[in-house]
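So that you can tell them apart, the chains are marked A, B, C and D in the order they are listed, and the count of residues begins at 1 in each.
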Amino acid sequence: MIKKELMVVTKHEKIAEHIFQLTLQGELVLEMGNPGQFVHLKVSEGSTPLLRRPISISEINKDKKQFTMIYRAEGAGTQLLSKKVVENVVDVLGPLGNGFPIDSVESGQIALLVGGGIGVPPLLELSRQLVAKGVKVQHVLGFQTNNAVFLEEEFAKLGTTIITTDDGSYGYKGFVTDAIKDHNLQFDTMFTCGPTPMLRALEKLHGQKPLFLSLEERMGCGVGACFACVCHTGDDPTGTSYKKVCSDGPVFKAGEVVL
Amino acid sequence: MIKKELMVVTKHEKIAEHIFQLTLQGELVLEMGNPGQFVHLKVSEGSTPLLRRPISISEINKDKKQFTMIYRAEGAGTQLLSKKVVENVVDVLGPLGNGFPIDSVESGQIALLVGGGIGVPPLLELSRQLVAKGVKVQHVLGFQTNNAVFLEEEFAKLGTTIITTDDGSYGYKGFVTDAIKDHNLQFDTMFTCGPTPMLRALEKLHGQKPLFLSLEERMGCGVGACFACVCHTGDDPTGTSYKKVCSDGPVFKAGEVVL
Amino acid sequence: MLDINLPGLSLKNPIMPASGCFGFGREYSKFYDLSQLGSIMIKASTQEPRFGNPTPRVAETEAGMLNAIGLQNPGVHKVISEELAWLEQYDVPIIANVAGSQIEDYVYVAEKISQANNVHALELNISCPNVKTGGIAFGTIPEVAAQLTKAVKEVSAVPVYVKLSPNVANIVEMAKAIEDAGADGLTMINTLIGMRLGLKTGKPVIANKTGGLSGPAIKPVAIRMIYEVSQAVSIPIIGMGGVQNVDDVIEFLYAGASAVAVGTANFVNPFVCPEIIEQLPARLNELGFEHVTECIGRSWKADAKTAHYSS
Amino acid sequence: MLDINLPGLSLKNPIMPASGCFGFGREYSKFYDLSQLGSIMIKASTQEPRFGNPTPRVAETEAGMLNAIGLQNPGVHKVISEELAWLEQYDVPIIANVAGSQIEDYVYVAEKISQANNVHALELNISCPNVKTGGIAFGTIPEVAAQLTKAVKEVSAVPVYVKLSPNVANIVEMAKAIEDAGADGLTMINTLIGMRLGLKTGKPVIANKTGGLSGPAIKPVAIRMIYEVSQAVSIPIIGMGGVQNVDDVIEFLYAGASAVAVGTANFVNPFVCPEIIEQLPARLNELGFEHVTECIGRSWKADAKTAHYSS
């Protein structure tokens, strides 16, 4: 069930250039399901910034009633968020949307998880849950440059992890699609989250296989009421049929919606 | 000289119902002159609330580069201000306006200081400076009710202090004007700050004697540029001649401006 | 102390979500019982299904947001058979928002939707700033608005409220023309037209380029227009524009609104409507009122208390 | 990289305080050297001295403020002999804001003030929402605005900019009428008309009842109008409305303004203008521009870089 709760900051750290890792505690954690869901955060009490900010859940710890997010502090809202310290509260609405379908891959099969930039974090919880289930995981994580890389160790613990950077300042030089090709990576199911051009490229190259993509879109309500975040469906690409990223997604099967 | 400075909170306490006492430290204190001047505070970084809040200076300590204000936390801005804690900073513009003319009363003479509600604080520094100069001070301080009373002890240390409450729940029951009459208080010069109806009553009853009043008006700039805070002058009560409360006041001589 | 009677609408309380900010209620029904609401202004219906504008459709501004949804909806027939039918489980009168690009469209939708059981009033959306064809002209030219109102009044089975655009020089003239044309009430305001440009791209953030500005930023404009119009017409006004809390609601009533709709604030706090409804009685008491109707038009009425309004 | 040439104005940089938000410069001259500014739009002058409206004259709103000063000023003669004369010590061209309630008033003031040495352009305030008589009609009826512009052009010794009111349904129509009447430039936007009511009193907070809404809240409306008008006219625009920082300035340039005025933000931060001027070159560099003129109209121009404007 979706809840609104003032959750308490239990940890908050800068982990890369402009990138922060934030852990919150509260009852809302008990509602969280598949990895890939997100929360909607109100970062100030007043009316600037007015709207909530959608941020993906990257780790869930139900025992401690804690969950973790990783976000880039860039605009007004995320910069304000980055100033919160331990014991402060954050107004959280969530969990929202539908995550990655863990059931689509079976124990013993191979899952390839492909992340780009700030799309990397939700793949961490996914990888953990897949590993727990006995799935073999491989990761390809793309970043712009050296000092933007984060979570490498955490992923490396779970499975093979290839880091790419656009400028080659760290790891493989080039796009994630190139790395997949060059390393000739094999998989049963692919899960991906990142910038839309990356998703498009992956869909084009690997869309014939089981492929699940997590989308981003500017949001109003985050719960399906305002129709800000719709996309056309794959079977009716210019018609009136639609899916909402916030409540039908953010994870879709390749071909389900028009990227 | 008027400065803008991010000053540091060194003390912040609730001293009565909704009433807070705030001490700030910084170089700006060295610019402060006559008691009765005020500062203009920006209480948030963003654009809500947008405008600065005018608050009177109630104590000045140049040695420590500290000054103190007392304010009522009621609206959006003052409520936000009340959440600041020690070591936070506050954006201060000041000192602004012209204070009470200390020179208008001489050593050995009697000054009557009359304050109403949140108009009481600036009289504290005034009283101290007058006492330091050898002036005999008497205070009549009006409050609405019992739990709204503050600063009684501080004033009592400096001179006779009569507290009045509208409902008689503490001290003399009634208005400050009644208390002055009942106690048959004598004085050479009167200094007053408080709600406009109180100022009007005092001007009517005691305007023939030297009387200095501190006015309040809604402000935009606080420095004389926007013409938000003007009042008509006493010698041209409906004409185009004017005074600005922020830069010509907030202290005026009785009769100088139309209340 | 919260009940209020308006043409077609006998409301438990004067609070309702604004059109387009609450879908058809399904999403918020997961947060609370919709029967608590005074009414629901459902999302605009058009004759045919519409996908609406390309994304991005929203952008944030200082104390506000821009939207250019473009009237996405499944068409009036599906709205009636699926959405309104679903809403029947709740004890709440519906105000159906009607949109179109020509008079015939409005007439078609109005005639059909006004016959649904739970639709107690129509809200003619003559002011949507996000639709290219026609739309806006209905909201800015008094004669055109009047003509449309007349045409819809002829076919509607329920009272007709007309939603005013704030993007006009003379809102009173517009309101009077619509009143004269037979409208039963007014709702105001719709969004102001605005734009935001991306710093890096230099281009409009919203795909549609311009969008409708809503939220706290526009409240002073809404209050001013309601203040002016409520003194010039004798039909009731449902006010909206930047309402976030119970004090805002009272300000709208003071200005001259008889009920108040909450739009953008639902996105910030999905519980905003029931929270306001819960807080309203205590706040009215604190301010010395015994009934919410006593607030209506207090900004311009003499001190005499307003009689309980009944239509 | 900040210099810009507009009719009558050869500016060091495109930043200037907006009229009414900077008095005649005396107060802010205590904070910094006024010669740093691109220009100064001084407070409105009228034929006779005016006291203006009763107080309270300002009220705060979400991300904005309302004002109803009522054009208080010492009259054009004193403005020339005392204020403009005092300003001559600074190396800064002045834009003189001209107001009135009838065409003759404007003509009188324009003729006189345009002859002052340091007045390099006039700004016709046809849009002040706070003056009862006439005033607003000039700003909402294109024919009236055009007539006024023509009359002033005939007598003015310097180029004439006309300040547009946002309180209209069709800003482009207004702008074109004024361009056709011979205006040398436009300044936009003036304030939106708004109101705020006191919760305890139920009455308007501002003595004048309505006031002009300024500040960040109105920025999206300003950007939209400048975007529309700059594509429809060929005279330059000085943009304003909610500018608080260097990024806002760039957004106004992208929208189509050739220079930018800062109003309300001066009250929040008296150093805002010199701070923006200081930060502008670095910000332009970061965004890949070599000269400020390259930003102008970028939101609607093809990717080609704008040529350095010269009048």
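FYI, a contact is a pair of C-beta atoms (placed from the backbone, for glycine too) under 8 Å apart; a residue touches a chain by one contact, two chains touch by 3 or more.
Predicted model, so just to flag it, every value in this text is computed and none were measured.
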Chains touching both subunit A and subunit C: B, D
Centroid-based (C-alpha) most distant chain relative to subunit A: B
Comparison of A-D and B-D by number of C-beta pairs in contact, larger one: B-D
Inter-chain centre distance, subunit A versus subunit D - centres from mean C-alpha coordinates, in Å: 46
Distance between chain centroids, defined by C-alpha means - subunit B, subunit D (Å): 36
Centroid distance [mean C-alpha coordinates] between subunit D and subunit C, Å: 34
Inter-chain centre distance, subunit A versus subunit B - centres from mean C-alpha coordinates, in Å: 55
Contacts with 2+ other chains: residues of subunit C: 61-64, 216
Subunit A, residues touching no fewer than two other chains: 47-49
Topology of the chain contact graph, where touching chains are joined (line, ring, star, complete, other): complete
Subunit A partner contacts - residues on subunit D that touch it in the complex: 62-63, 216
Subunit C-facing residues of subunit A, complex: 1-2, 4, 42, 47-52, 77, 93, 217-232, 239-240, 242, 247
Subunit A-touching residues of subunit B, taken from the complex the two chains share: 44, 46-49, 76
Residue ranges of subunit D touching subunit C (in the complex, touch as defined): 61-64, 66, 140, 167-170, 192-197, 199-200, 202-204, 209-211, 213, 216-221, 223-224, 227, 242, 247, 250-251, 254-255, 287, 295, 298-299
Subunit A - residues contacting subunit D, complex: 47-48
